[in-house]
Amino acid sequence: MKRPLLHLFYKEWIKTRWAFLGMLLLGIATMLYIFTAVENKITLQGAKTILLRILYDEPPVIYYASFRYIPLLTAIAVGISQYVPEITQKRIRLTLHLPIGNHTLIAGMAGFGLVLLTLGNLLYTGLFLYYNVRLFPAEITRPVMISLTPWLLSSYIAYNFIAMIAMEPGKWRKVAYSVIAWYILQFFLVGDRPHGAFGASIPVLVLMTILSSGGVLYTSQRFYKGER
Amino acid sequence: MEPNYVIQCINLTHYYGKKLVYENLNINVAEGRILGLLGKNGAGKSTTINILNGFLEPRSGQCLIYGENTQHLSPATKRRIGYLIEGHVQYAFMNVHQIEKFYSGFYPNWKRDAYFNLIDKLKITPHQKISTMSCGQRAQVALGLILAQDPDLLILDDFSLGLDPGYRRLFIDYMREYAKAEGKTVFLTSHIIQDMERLIDDILIMDYNRVLVQSPVQDFTSRFKEFTFELDRDDVELKEHPLAVNVEHLRNHYEFYTYGNETEVKQLLESQGIAYRNFKEEPMTLEDAFIGLTGKY
Amino acid sequence: MLIKIIRIIAVLFAVTAAASVLPRLYDTTFSSRGGRGHKDIRYSEILKDFIISEYVYSSEKSHTAGQTIYYDRHGKSYSRDSVDQLFLLDNVSQLAYEGRFPDTICGMAVTPELVSSEAFSQYYSAQPGLYYGLCELRDRKSYTSRSLEPRDLFRITPEGIQFIVCETNQIDEEKSRRFTTELTRLDFRFPALRMWTSPDKSVSEAIGYYVTDSKNYLYCLSMELSTPVVQKLEKPDNKNIRNVNFGKSSDIRALLITEDGDTYIQHPDLSYTRLALPSSLGKSGTLNGNLFYRIFTLPDRNRQTTFVFDRDFRLLDSCSLYYSPRPQSTAGVFKELLLPLRIGQTAWNGFYADWSPIKRFIWFNLILTAIALYYKRKNGNRLSDAFTVTDLLLVVVFGIYGFIGIFAFPLKRSQKEIVKSKSADL
């Protein structure tokens, strides 16, 4: 089982590598932009002024706001590059014909995407922490990481819904699921609030993220039963 | 001795909504035989292929491949089946090396040389993506993958779609030689009946809601005949007669398709007092026989 | 089984999405609240009583025109012109401009300047505000020299107080050690639970920070000429502090709310007076002061109560202004009928689900359940199937949201199951 899955991941990597690496570059560039801008402001206005503004200004100074949609865009890039080639000309029939159980196949594909997103999110988080800890004390880093968490989780929700929508055979249901996904994502893409806001929502957001991962199995089952 | 059936469809019935596709369809494909499925557009060929591949659940009845229900094929059985999608659809984002590397991981008996023997004949660059290849080149890649997989059963859905005569001939020759030499079982569909004629052992002809013929090709072509004759009138109705499978006419020139013989047909005309002339049996290709059986549109 | 469970989860996602968006869409499309007039209450130093002002719409349907009426607690009406004479302390500027400001008010000689200087207004809250634990400690003498401008921020950790130099993000060890030593000397138990300072920069410099240590003792921390100035303060009636609001007038150093909701005034001499106010827990109020009074206003569920204290913080009078429940429009009634709940999230309290009164939406839900049952039976689903029952329960509980969800995510029985069950029926 291990060898076929590795070969399956090989196919998924060929599909997604450029989109994923492109988004990583964009994410890294965004991160560099954020902290270059912060360092510029520190140079111009002084570190203490910037720190106090970040901590206490109303409306709050969300210096990392540019990052909000990066995890989501990464998920969209990975999801589209992974699933669109499968559903054009119904190439998914080739995949489902491979000598592995259907659920294992679909779960393997989705699992690969989630692993990619996790690697991306770890890179973004690591980079962010590296720069933030250099510039700011823990009293800023800690609440800011709480604020970032829903954005990072939004990548998983978006990816899970993209996978589910891609495998759905009915076109009107695709539209309906897209609408549902959009409104669920609004719970994750929160911003413009002081650092550390929405921390109380994180346990529910994590639960939603985990629960959304099975959706692709449901629609792929509808696909290979021939339901419309 | 009861033949060993690789594919068995038992009392297959399917509807799309309220529209009946077919009812109580029974198909048997014995081991080592090449069966061609023919039918007009909308007769249910794709439905049958989808059920065989497990992409559609029939309303009732079941399809078995190597004794397993196609809705729940085990990985071991899937490994024994080679599938060619209509249009030679493949992973277009890969090149020939990547796709070989990908598939080789799933089949322990992967025959790399069989694949590259065909691929080396292609005039392509090493990193050329399959999406940039011509239809014929894609067909060659698909054929190479099937040969490398070395399946026991091949399901080929409209294998000739988009191919020029050269590639079609290449495909047919390779497939027949391979199937017969290795004792493979093949289930295929195509719209180009001349190609099928060169390839298949058995034929299954479907029409709307029913099976018209299921027999070895030789049996069918030897029993099903076309007689042509001219009458003085052009309003003679012969279709209702049990001897007539199909009757076409253009003015007073009649084409009479039947499983009967010349004597029986002549007796039919004489018993009805119909004067005829230039009565002769026409030699038919398989395509002629198919059109004669199913009718022109 | 797994797929069916996944489907139920997907239905719940649809319910969540619908419950978050449909109420908002409904509110945007239909106004679900009736309009009401605006009421206010003020204490007249002349009458020694309350006057209520209310803006009344001339038409219930069209809220475009209206007028303000004035009356006291006994129902006696007052005209606009007469009301001006009852609130001399509030109308200083206008009366002085018109040359009608009196020389005495309630027997006390006054000038417009005196009255204006004594007037102040501030909000106070029992709920501590946003707190990151990193603050700026300004020197009391920072106005004398730029070298006394702090370039650091401080925090109080389990290890002690740490001053972090902003430019380098490194700890100033020497300064931190000095302050830690001083705090330790006064038995400060690290870390700090909470710190408060005045939003007014000059007050913040003068007073510094009120800090509660890990044992809930109260300290005042400030700095003068870079030297720590730490004072251990008495707690009001030895109660733990919930929140501190610094005062805006000279007789109020701070307003402290204790954990049990009591409100205390801390005077400049650090003594306390407990105010005869109800529990402030969960509330924010206003404090308005003038030459004679300190007036506290506290909101509640459907009322607002105003308490009048003299300058010695003795309660003189109080009055509650009740708001009648907003009349619900027809759209509002239909909203509770059709939409059983609203799901949302707040910045600090996480997710919430606001349910409409059950007796309003349950009948519509049951109708939808009956429709769902009809379609389920038509599709061959049986009530003996636990997942069919689950679907119906989702519609009973979540109404239109559940209805949308179960049909958005169908689970048709396989064709064979339908045929089998039909044969069994025959």
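As written, the chain order gives the labels A, B and C, with residue 1 at the start of each chain.
As a convention for this text, contacts are C-beta pairs under 8 Å (C-beta built on N, C-alpha and C of every residue); 3 or more make two chains touch, one makes a residue touch a chain.
Computed from a predicted structure; not experimentally measured.
A centroid comparison over C-alpha atoms places B as the chain most distant from chain C. Which two chains touch most often is answered by the contact tally, and the pair is A-C. Located most centrally within the structure is A, per distance between chain CA means and the overall CA mean. The centroid of the Cα atoms in chain A and the matching centroid in chain C are 34 Å apart.
With centres set at the average Cα position, the gap from chain B to chain C is 75 Å. Here the spacing of chain A and chain B, counted between their Cα centres, is 47 Å. Residues of chain C in contact with at least two other chains: 414. Shared interface positions of chain A, defined as residues touching 2 or more other chains, are 225.
Touching two or more other chains at once are residues 57 of chain B. By the touch criterion given at the top, residues 50, 53-57, 75-76, 78-79, 81, 83, 85, 87, 89-94, 98, 101-107 of chain B touch chain A in their complex.
On chain A, the positions that touch chain C within their shared complex are 46-48, 50-52, 55-56, 134-137, 139-140, 143, 164, 173, 176-177, 179-180, 183-184, 186-187, 190, 193-201, 203-204, 208, 211-212, 214-215, 217-218, 221, 225, 227. Every residue of chain C that touches chain A in the complex is listed here, in rising order: 2-3, 5-7, 9-10, 12-14, 16-18, 20-21, 130, 132-134, 136, 150-153, 155, 164, 166-167, 169, 345-351, 408-410, 412, 414. By the touch criterion given at the top, residues 3-4, 6-8, 10-11, 14-15, 85, 89-91, 93-94, 96-101, 223-226 of chain A touch chain B in their complex.
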